[in-house]
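What follows is a pair of complexes built around subunit A, which joins subunit B in one and subunit C in the other.
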Partner chain A sequence: MRQRQSRALWFWVFVGPFAAGLALFTYVPLLWSVWLSFFDAHNTVSPTDFVGLDNYATVLGDPAFRSSLVTFAVFTAFIVPATYALSLGLALAVNRLRVAQAFFRSVFFLPTACSYVVAALVWKLSVFNGVRFGLANTVLGWFGADPVAWLATPDPPWYWLVVVTVRLWLQTGFYMVLFLAGLQRIPVRLYEAAALDGARPGWQTFRHITFPALRATSVAVVLLLVINSFQAFDEFYNLLSDARGYPPYARPPLVHLYYLALGQGQDLGLGSAGAVVLALVIAVVTIVQARWARLGRTEEA
Partner chain B sequence: MPISRRQLMAGGAGLGLAAVATACGSNTGRGAEGSRTRLTQWYHQYGEVGTRQAVGRYAAAYPGADVHVEWRPGNYDQQTAAALLTDSGPDVFETTGPTPDQIRSGQVTDVTDLISDVRDDYLPAVLTPRTHDGRVWGVPQVVDTQLLYYRKSLLAAAGVSPPRTLDELIDAAARLTDRKTRTKGLFLGNDGGAGVLAGTPLYAAGLSLVTPDGKAGFDDPAAARTLGKLHRLYADKSLLLGAPTDWSDPSAFVQGLTAMQWSGLWALPRIKKELGDDFGVLPFPPDGPAGRPAVPVGAYAAAVNARSGHRDAAKAFVQWLWVERADHQLDFALSYGFHIPARASLAAKADRLASGPAAEVVRFTKDHGYAQPLLWTPASQVAYQDALHRVIQEGADPAAQLRAAVRRTEEELTRVRKGG
Partner chain C sequence: MHDSHDALARAGRALRLALLTALAALFLLPFYLLVRNGLASEAEITAPGWTLFPRDPRWSNVRELFADPDVPMAHALLNSALIAVATTIGTLLLASLAGYGLARIPYRHANAVLYAILGTLMVPAAVTFVPSFVLVSSLGWVSSLRGLIVPTLFSAFACFVFRQYFLGFPRELEDAAQVDGLGHWRTYWRVVVPNSRPVFAAVGTIVFIGAWNSFLWPLVIGQGRSSWTVQVALSTFTTAQTVTVHELFVAAAVSILPLLLVFLFLQRYIVAGVERSGIDD
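What follows is the complex of A and B.
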């Protein structure tokens, strides 16, 4: 009995501070935000003007918010497969190297250490600036082409090239390392057995041995990628905003809410309603995805 | 408005709301004065060297209280908005507002009586947006003006005279764009102008963002006609886009990337230093029969936090610094950055504003200056700017775009007036 008591004590000694922090900084604000979303809360966090579902009607009736949800669905639909394919490809290539493997692994992993804000500014100011001496425009200039204003051209939407390349550059190396770890856990005997059965090395082996064996890693990578692209804010904001606002294109929901409600507008009720809608979307997508991928199954199963 | 350069850099980091009034730095060693009132005053981070030391000097010279100055880098408007929700905000703070919501929800203090003796001395363009129902909610500190700079030598070489109408401006920008040297005709910011121009083309067409009786001021065919013309600048490829610095910084202009640039008065000293006399200044040119030149002005104003524990002491300090001490006001306006003092009597006294392009700017600011109306809320602004973006960059139908913006603006105006 005493032992059980002291175990409970130690449990709370270790878990308590974390649980308290979680409750204080995550659950309380979260519930508070849900509560705020039912009030007209201009410039206050203790509103009294109950408005029911008005904020939800406003935010869902706002074409700009709906189009931002579309923007972010398109962005996710593109960036997730692109990063997945690129990082898997890199991992396969690096894994086959006989010499300098550690070197290439580090080189590809290095961009992960760079902050999104810094990378976005480098992309915006040096690589893809719109004047003649930008890196991309210098290259175009060799072929006699006119400079392109990469971030200010909605038709064709060149800004996607900038947004997508910066994210690929930043995150591909990290997922490559995850895949490398996965690749190194595949037992050699599987390949030996396949070879005995007459499987040709290359595509056939990859299709039937490597890819299925990477299943658990793949599920984890896709889940992380989707959540990451849901949270997109930094590079969009730093690439496209200026002191006076943000163009109407390539505007993820978080950026839109920031401008509409949570920034200087301080319409906290509307902003909370938008945040709740966004949270629900993320929850639904994650649950569907986890079900579909049967999260938790192991490679052996 | 020098904050704009840094808001970009502060970017994501600006979200953090540090509503913690730090308790360091103001121990001046005057031991026996424990009973003196302590005030906290916030400034946004000015870019010009010496500004911070100057505001510290003014505060230290105030006999009535211990004033502790806080310098707030990052997204300043966001920080003050968040701090005003708490009990630990500043007593006195500068603001581009206060916004009608801040006034309505009682976050700022009425300061009408502080300036009652000299009310007529303030430039109406900067005092009106601080006035709600006849009461004044912030004491204007300085006037920031935006204007068009042009390079005389480049215009002469192309045989173009300084544009006096919007059509001439569009034509000049096209003729000054040189494919061979890769010089562009006009720089209106890296987004093509929707951000910085905002309501300026409307005022140039004789319209406004919000009318004096509180209606959307651009529900008019003339608005669509004028805004539609701006798309030609973009379609002609006359605009400089994607420059390393934005419109608020004169670098693109002095480096010769563009022949004309929209920027602020604050850029004038640097342009003068680098280009000598090879530049001229213009207001935004008029358009249409009812048109008139448009000069957007902005201003930081000193406001008093309604939650301050020392409201009367804070008001007394604001009155001392921003109403009575003309010497400090002149020093602040002209010794570091380059602004027009908010009071006409002081602007007239300033030597550096008495001749050359600076004098011209002072003159057209007085004649044509307009500021964003108080009732122009962030929600209206987002709707209107989105419309302007689509018109300029995508060539969208201006009438249809404006209809949506007018609708949103009317909703906001109804909301704001309701609680008035």
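What follows is the complex of A and C.
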């Protein structure tokens, strides 16, 4: 009995500080927000004006909210397959290199050190600068094409190319490293057996050995990619906002939430309702994906 | 027959190497642009033809950046450094202790606690910035380093990585320590921590990079100029465009220098950290 008590004591000595902090800085704010979301809370965190579900009605009825979900869907449809394919391709190519493997791995991994703020700065002011001296427009000029206003107009929506390539450049190396680790865990005997069965190196081996063996890594990569794309904020904010504020187009969920909660008037009740809705959306997206991944596993077995 | 097959394989290898080299150049391009524009004059950047590199690199741009009273770059760098170091040390301490407790100290409700911790991973931190802002502002921590650091110290992800690692830690080492009469606390500090340096380095580098590059939370909390981080300062000047272009590029180059150093010297730990972050399913 005494021993059990002393174990419990030691458990809380180790886990207690972390658990208390997590409760205070994650659970308390979440519950507080749920409470706030039922109030009219302009510029205050202790409101008295109960408004029921009005804030939720406002958030869900706002066309800007729905359009932010569409922006997320489009962004995800571009960035997830692009990052997946490029990081897997780079991992396969780097893994088979006989020379300079460490060099290439480092180069593709290096952008992970860069912040989205710095990357967006380079993209906005240099690569995709809308004026003639921007790098992309300089290259277009060599072929006699007119300069493109990359970010300044939603029509045609060239801004997608800018937004997607920033993230593609920045995150691909991270996922390449995950795939490289996955590749190195594949037992060599699988390939030897396949060679004995007459499978030729290249596409056949990839399709029947490598790709199925990378399944767990693939599932983890896709999950992470979708969650991260839902949280996209930094590059959108830094690419598109200027001295006049943020344009009405290309607002992903977190940018929408940022202006909802901390824009003019600091409507924290409305912002809290938005945060609750988005938290539910991402929780549902995650659960659906996890179930889809598990479903695939049972089929395989 | 064999010869032509060999030749084909050699050609394939050469093609792959050429393709990778081209891609590598593309991946390095943004770093080149940072340096090129950072060392150029305004006129050279906006000139119609593309100059590969400024004729005389203006290293004085760096001095001008730190001398410009309108751009609090030195202060922002200091803030970022303080935040990144404090966040790294705090996260490592709290998450490793919790991870060890969860992995090694038998307790009836340990599983319930573990699920409560993992449950927070369902809702990514970025989505909860409004609730967190509400809490921090009611504590009166807006525009303070406290507000920027303390709420970010409790990483469920880091805790989980440590727990998984300690589950696989060789028990014999701990048993020997217990035979010597050491309790949990001293076993942890004298035996477990000294034998776990790589995992601390892996998690630490990942947390440090994340803290240095983080933007949304510092943007929300660091509202006063005195609590700007490097990222917030850069963002403010990029979006408002009140600063000359070459000054912005120098500032951006200076801001990634510390991380490039971390990358050069600690890359194997970072890679190990990334690998740990992907195999947690």
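As a working rule, the second predicted complex is superposed on the first by the 291 of 301 C-alpha atoms of A that agree within 3 Å, B and C clash if a C-alpha of one lies under 4 Å from a C-alpha of the other, contacts with A are read in each partner's own complex, and residues count from 1 in each chain.
Assume a residue touches a chain if its C-beta (ideal position, glycine included) is under 8 Å from a C-beta of that chain, and two chains touch if they have at least 3 such contacts.
On a predicted model such as this, the values are computed, not experimentally measured, just so you know.
Novice: Once the two complexes are aligned on chain A, which partner has more residues of subunit A within touching range, subunit B or subunit C?
Specialist: Looking at subunit A, the partner in contact with more of its residues is C.
Novice: Applying the touch criterion given at the start, work out whether A:N238 contacts subunit B, subunit C, both or neither, answering first, second, both or neither.
Specialist: A:N238 sits against subunit B and subunit C alike.
Novice: Quick check for you: in the superposed arrangement, does A:R189 touch first (subunit B), second (subunit C), both or neither?
Specialist: neither
Novice: With the two complexes superposed on chain A, say which partner A:P248 touches: subunit B (first), subunit C (second), both, or neither.
Specialist: After superposing on A, A:P248 lies in contact with subunit B but is clear of subunit C.
Novice: Which holds for A:G265: it touches subunit B only (first), subunit C only (second), both, or neither?
Specialist: In the superposition, A:G265 contacts subunit B only.
Novice: After superposition on the shared chain, which partner residues are touched by A:A119: those of subunit B (first), subunit C (second), both, or neither?
Specialist: Second partner only, subunit C.
Novice: Quick check for you: in the superposed arrangement, does A:A216 touch first (subunit B), second (subunit C), both or neither?
Specialist: second
Novice: Of the partners subunit B and subunit C, which touch A:R200 in the superposed model: first, second, both, neither?
Specialist: A:R200 contacts neither subunit B nor subunit C.
Novice: For A:L151, using the defined touch cut-off, is the partner it touches subunit B, subunit C, both, or neither? Pick first, second, both or neither.
Specialist: The answer is first: A:L151 touches subunit B but not subunit C.
Novice: If we overlay the two complexes on their shared chain A, which of subunit B and subunit C does A:R291 touch? Say first, second, both or neither.
Specialist: Neither partner.
Novice: Can you list the residues of subunit A that touch subunit B in one structure and subunit C in the other?
Specialist: Looking at subunit A, the two contact sets intersect at 45, 116-117, 121, 125-126, 131-132, 233-234, 237-238, 241-243, 261.
Novice: Taking the touch rule as given, give the residues of subunit A at its contact with subunit C in the complex, in rising order.
Specialist: For subunit A paired with subunit C, touching residues are 7-8, 10-15, 17-19, 21-22, 24-30, 32-33, 36, 45-46, 90, 93-94, 96-99, 104, 106-127, 131-133, 135, 138, 169, 173-174, 177-178, 181-182, 216-217, 219-221, 223-224, 227, 230-231, 233-234, 237-238, 241-243, 254, 257-258, 261-262, 268, 271-272, 274-275, 278-279, 282-283, 286.
Novice: Would you mind writing out the residues of subunit B in touch with subunit A in their complex?
Specialist: For subunit B paired with subunit A, touching residues are 3-5, 7-9, 11-13, 75, 77-78, 81, 84-85, 99, 101-102, 104-105, 107, 179, 182, 189-192, 194-196, 198, 237, 240-244, 246, 248, 252, 257, 377-379, 381-383, 385-386, 389-390, 393-394.
Novice: Would you mind writing out the residues of subunit C in touch with subunit A in their complex?
Specialist: Interface residues on subunit C, with respect to subunit A: 13, 16-17, 19-20, 23-24, 27-31, 33-34, 37, 45-48, 50, 94-95, 97-98, 100-102, 105-108, 110, 113, 116-117, 120, 122-124, 126-135, 137-138, 150-151, 153-154, 156, 159, 183-185, 188, 209, 212-213, 215-216, 219-220, 231, 234-235, 238-241, 245, 248-249, 252, 255-256, 259-260, 262-263, 267, 270-271, 274-275, 278-281.
Novice: Provide the residue numbers of subunit A that touch subunit B in the complex, in ascending order.
Specialist: 42-45, 64, 116-117, 121, 125-126, 128-132, 134, 146-147, 149-155, 233-234, 237-238, 241-245, 247-249, 259-261, 263-267
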